[in-house]
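Each structure below is given as structure tokens.
After this come two complexes, each holding subunit A, first together with subunit B and then together with subunit C.
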Partner chain A sequence: MLTVLLDGLAAGMLLFVLAVGLSVTLGLMNFVNLAHGAFGMLGGYVCAAMLNRAGLPFLLCVAAAALASAAAGVVLERLLYRRLYGRDHLDQVLFSIGLVFVAGAAADWVFGARQQLIALPAWLSGRVEVGPASIGAYRLFLIAACGLIVLALHVGLVRTRFGARLRAAVDDAVVARGLGIPVPRLFALTFALGSGLAGLGGALGVEVLGLDPTFPLKYMVYFLIVVAVGGANTVLGPFLAAVLLGVVDVAGKYWVPELGAFAIYTAMVALLLLRPQGLLARAAER
Partner chain B sequence: MTARPWLRPALEAAFWAAALGAYFAFPDLLPLLSQVAIAALFVLSLDLLVGFAGVLTLGQAAFFGLGAYAAGILAQQGWGEPLSGLVLAAVLAGALGVLTAPLVLRGGDLPALMVTLGLGLMLGEAANKLPGITGGADGLLGVEVWPVLGLFRFDLYGRTAFLYSLAVLFALFLLARLVVSSPFGLALRGVRGNARRMPALGTPVRARLVAVYGMAAAYAGVAGALLAQTTQFVSLDALSFGRSAEGLLMLVLGGLGSLYGALVGAAVFTVAHHLLSELSPLFWQFWIGAALMAVALAGKGGVLGLFAAALRRAS
Partner chain C sequence: MRAGLTRRGAAAAFGAAALAPLARPAVAQGEAVRVGLILPLTGPFASTGRQVEAAVRLYLRQNGDGFGGRRVELLVRDDTGVAPEVTRRIAQEMVVRDRARVLAGFGLTPLAFAAAPVATEAKVPMVVMAAATSAIVARSPFVVRTSFTLPQVTAPIADWARKEGIGNAATLVTDFAPGLDAERVFKERFLAAGGAVPLELRSPLRNPDYAPFLQRVRDARPQALFIFVPSGEGAALMKQFAERGLGEAGVRLIGTGDVVDDDLLDAIGRPALGAVTSHHYSAAHDSPENRAYVEAFAAANPGVRPNFMSVGGWDGMHLIAEALRATGGDANGDKLLAAMKGRSWTSPRGPMAIDANTRDVVQDVYIRRVEERNGRFWNVEFDRVPAVRDPGA
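Up next, the complex of A and B:
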């Protein structure tokens, strides 16, 4: 019971790191980016390739994965995404689905369609006894690492000047621009940060969530749920949503495997209907 | 447009004559041509919803798949009469559409996108987890369809399949053309233009949108039923997210908000798919993604938009 809970917590925290960037893209920029998972996939592949082919230390690979995804985010934002801000949602949907297809085909071409496996370093394998429950050392590491990221994001958003500007831009982009806040540059920076975090999550998640060319499509729904349920203006909202989702998902797979992903899709639709506030209400107002 | 009033009917007649002529011109490609007709009907349903009413959806495959499984299971259980299969598919898919419409039409693009996506995935997963009814991942086998009208037997070369699909497409196309030029269709365009002002003109926005959502669902259901009957097989692919996304691409490729655009987009896409995926499926996935991105960046209008622009320049 406790093991399931802790596994769910680890998966949920991973989901949060993966999805938090999307909550900014969707919430702040009102951009329907279905390709957010592609950045996570990129991070995962960078990490797996460096670890398996070059044999570099795990933490270095993870950091490189985050940087690679952030760089890809900057390039794509400047070159392509920027042109679609303020356009029809249909255009954004088509564009990002196209990006998912291209990314999937590219990953398949380079790495093949099979699941990527990574060998964890010795200090992260094995199990640890936590009170009455036993949990994988890697899961514990995930909870700690993602917990630190959540804390850093929260402090960054609440305490720093960057965070204050970002919150202002989320609340009212027009007025924020009027106050001299460089909203477009803020967008670009935040987009890069979000993509980088997605890459980090993808790298950390190879062991837990798996990694193959269908990754962006498979987890797209999960990211959307996190954002839809959590809202955009806080770190805590998406965090709670992600943890809840992780626990429900793991528990569902553990106790009622015959339901499969059906439970999570049902939960998504139900939550969207019961709690359309948060991000959705904000986006609908515009 | 008004300069040559004969031009439009002439082009329309030429279009359908060409569609029928394909039967004689490409006797070896009839199964592919049936696919084109079915895809065209599916895209027509998306056009009614996205192009005319401005409702975004990522889950139209749910209705396509429901229609396919409904017609397939009916035929599998021993009633292979094709036309009643179409009617059943239309009724079931339309009913599901009307039932889910209030969930989808809660205001705003994002909720509509997410709810349709969620519902589509739910239905796909349900079909996957109920192999007793749908055959699960193996697909629905043992579908036996009787001759159309008791006269035309489905043959190995797909002659009946193509003419049957084309006839259904033509009939439903005429109906759609009637609908979009009716006051109802005009109201839909008004809603797409400005949903807040339409109530001031006395248009019940919600009722109109629910109606068109149901109608589009029924169209998609018939398209699915056609696929099930002409191929005598239904797979989980009928419900896949990829089908919804491809439908949107065909629609945008042909041109949003034009009925002929839906047909042209479906034809171009399906033929391109046939040619390219023979080279390599990966290649196809890559280029389809690149095409989506290019179309999105370039804006709407599609193939038919280019054609219309050329025509305007010429006249």
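Up next, the complex of A and C:
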């Protein structure tokens, strides 16, 4: 029972780290970025390559994965995404889905179509007894690491100057620019942050979610569900949504395996009927 | 021009294929027999295609490319593995435009289904080197199979488990056609032998995580867990099986050899140790033919170990070559087909034959355990079921 709950929590937390960047670009920058998973995939491959080919320590690889994805985020934002901020959503969707296919083909070309496998360090393998339940050490690590990230993001967005400027820029970009807030740079930074988090999630997820060139397409639906259910304006909304969906998914597969993949969609429909604006979103449009 | 096409034994480059139709003389003795190899060389099943192609090329390089007085010219095309209509179109082009006299390859069942009508209509033998559903050979009287069938390799593990005293086994398969087939065959055989299947789990095809299913198995504590998942997914499943401590909980991992694919086994590593599977080929098969094969394959493809897909390609090419020898170089489809039926030989995998009536493969199936030797992981065979036929759909 508790094991199922903790497994679900770990899955949800991981989903959150992967998807929160999408919620940021969609909610704060009003940009539909279906290629978000590609940054996760990049992170995963960077981590796997460094771990398997260079034999570097796991945590270093994860950090490098986040940085590489963030850097790719900056470059692509400056070169490509920026041109589409003002365009309508269809253009953005078409552009970003195209990017997914390019990324998938590139990954296939460089790394091959097979699943990437990594070997975890000894301190992350095995199982830990938590009260009456036992849980994999790696899943416990996921919960702890992702919990820290959630906290940092929330505090960062609500309590820091960067967060205040960002929220101001989103509310009204013209006035914010008038006040001397460097809006384009802010957006670029935010985009990089979101991409970096996706890369981090991708690296952490290799062991649990697997990694192959179809990664961005395979998990796109999950990311979109998180953002749709969580609402796209906060950090806590998607977080709650991701955890809830993770737990429902795992618990559904455990208790009613016949329904298999449907539990998560049922949960999504129910939640959207109850809270069409997202879990924590204000009811009124601004 | 293009003397290479008419002079037997001249080593014309494969690139000649593009210009060849322009230079086609009247069907003369010594004209190359074109073999159209259609494989997934890109996309999610690329590893299948690469293994088969490598084996076919190795066979031709080792045995020369003249058989029964005819040179064999290989045409290789990529069908991406996911688009049956592409496979069909390529098969048509190869038969009509390139005058291929034999079609071969076919990575997955839907792709073989799509090409079968082309083979029937053109009266061209179609050698299935990879796809493994029972029904394929019935789709066209010109289909001959050198790979394996899923029921053929699934039934022996169920029998072995009962013989080993395993009374109840859970099943965990991916919810797609081959997975359901494996589940059905295993259950039928296991129940028939007096076993019980208390828990049957199916995981979605696009499954992020095996955790909940494995936890369910752990709590149910069967004596064994039979698994079947798409090639490549086996690694994740086995890692989580080990991580979740199912082995310590007394659950033995059994399955078909796909999950401990030789191509991936070293990458899976320790978590696979002790897994018992049934399959028709292991790179660790102890025979002079196989030792020579593995050595030559590794020399031609550094860092790659031949897997069960590769022997499908090797034996498929061998069958084509032997049929050509038997007809004295006559590439007539009916004659080639007649020469293929009933043929038997010793493959790297062990003795095998083509059933004269069903045109399906008959071969020994081995029970193997994953063991570590000198830091590498192998499927070590320890039991053998001779001359297994497809038990039928």
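Throughout what follows, the second predicted complex is superposed on the first by the 256 of 286 C-alpha atoms of A that agree within 3 Å, B and C clash if a C-alpha of one lies under 4 Å from a C-alpha of the other, contacts with A are read in each partner's own complex, and residues count from 1 in each chain.
The rule is short, and it goes like this: a residue touches a chain if its C-beta (ideal position, glycine included) is under 8 Å from a C-beta of that chain, and two chains touch if they have at least 3 such contacts.
Owing to the predicted nature of the structure, the values given are computational and were not obtained by experimental measurement.
A.B. asks: Answer with first, second, both or neither: which of subunit B and subunit C does A:Arg114 touch in the superposed model?
C.D. replies: second
A.B. asks: Figure out whether A:Tyr254 sits in contact with subunit B (first) or subunit C (second), or with both, or with neither.
C.D. replies: second
A.B. asks: After superposition on the shared chain, which partner residues are touched by A:Leu148: those of subunit B (first), subunit C (second), both, or neither?
C.D. replies: A:Leu148 contacts neither subunit B nor subunit C.
A.B. asks: Please indicate which partner A:Val269 is in contact with in the superposed arrangement: first for subunit B, second for subunit C, both, or neither.
C.D. replies: First partner only.
A.B. asks: By the touch definition at the top of the document, which applies to A:Arg83: first (subunit B), second (subunit C), both, or neither?
C.D. replies: The first partner, subunit B, only.
A.B. asks: Going by the contact rule set out at the top, does A:Val128 touch subunit B (first), subunit C (second), both, or neither?
C.D. replies: A:Val128: touches no partner chain.
A.B. asks: One more residue to check, A:Leu179. First (subunit B), second (subunit C), both or neither?
C.D. replies: A:Leu179: touches no partner chain.
A.B. asks: What is the contact status of A:Leu60 with respect to subunit B (first) and subunit C (second): first, second, both, or neither?
C.D. replies: neither
A.B. asks: Share the list of subunit A residues that count as touching for subunit B in one structure and for subunit C in the other.
C.D. replies: After superposing on chain A, subunit A residues 108, 258, 260-261 contact both subunit B and subunit C.
A.B. asks: Which positions of subunit C touch subunit A when the two form their complex?
C.D. replies: Residues of subunit C touching subunit A: 42-47, 175, 201-204, 206-209, 211-213, 215-216, 232-233, 235-236, 239, 243-245, 264, 267-269.
A.B. asks: Help me check something: in the complex, which residues belonging to subunit B touch subunit A?
C.D. replies: Residues 50, 56, 58, 103, 106-111, 113-115, 117-119, 121-122, 125-126, 128-129, 241, 245, 248-249, 252, 256, 282-283, 285-286, 288-297, 299-300 of subunit B touch subunit A in their complex.
A.B. asks: What residues of subunit A sit close enough to touch subunit C in their complex?
C.D. replies: Answer in residue numbers: 3-4, 7, 11, 108, 112-115, 117, 119, 125-127, 134, 136, 138-139, 207-210, 212-214, 218-219, 222, 249-254, 257-258, 260-261.
A.B. asks: Could you pull out which subunit A residues touch subunit B in their complex?
C.D. replies: Counting only subunit A, the residues touching subunit B are 26, 32, 80, 83-84, 87-95, 97-106, 108-109, 217, 221, 224, 228, 258-262, 265-266, 268-269, 272-273, 276, 279-280, 283-284.
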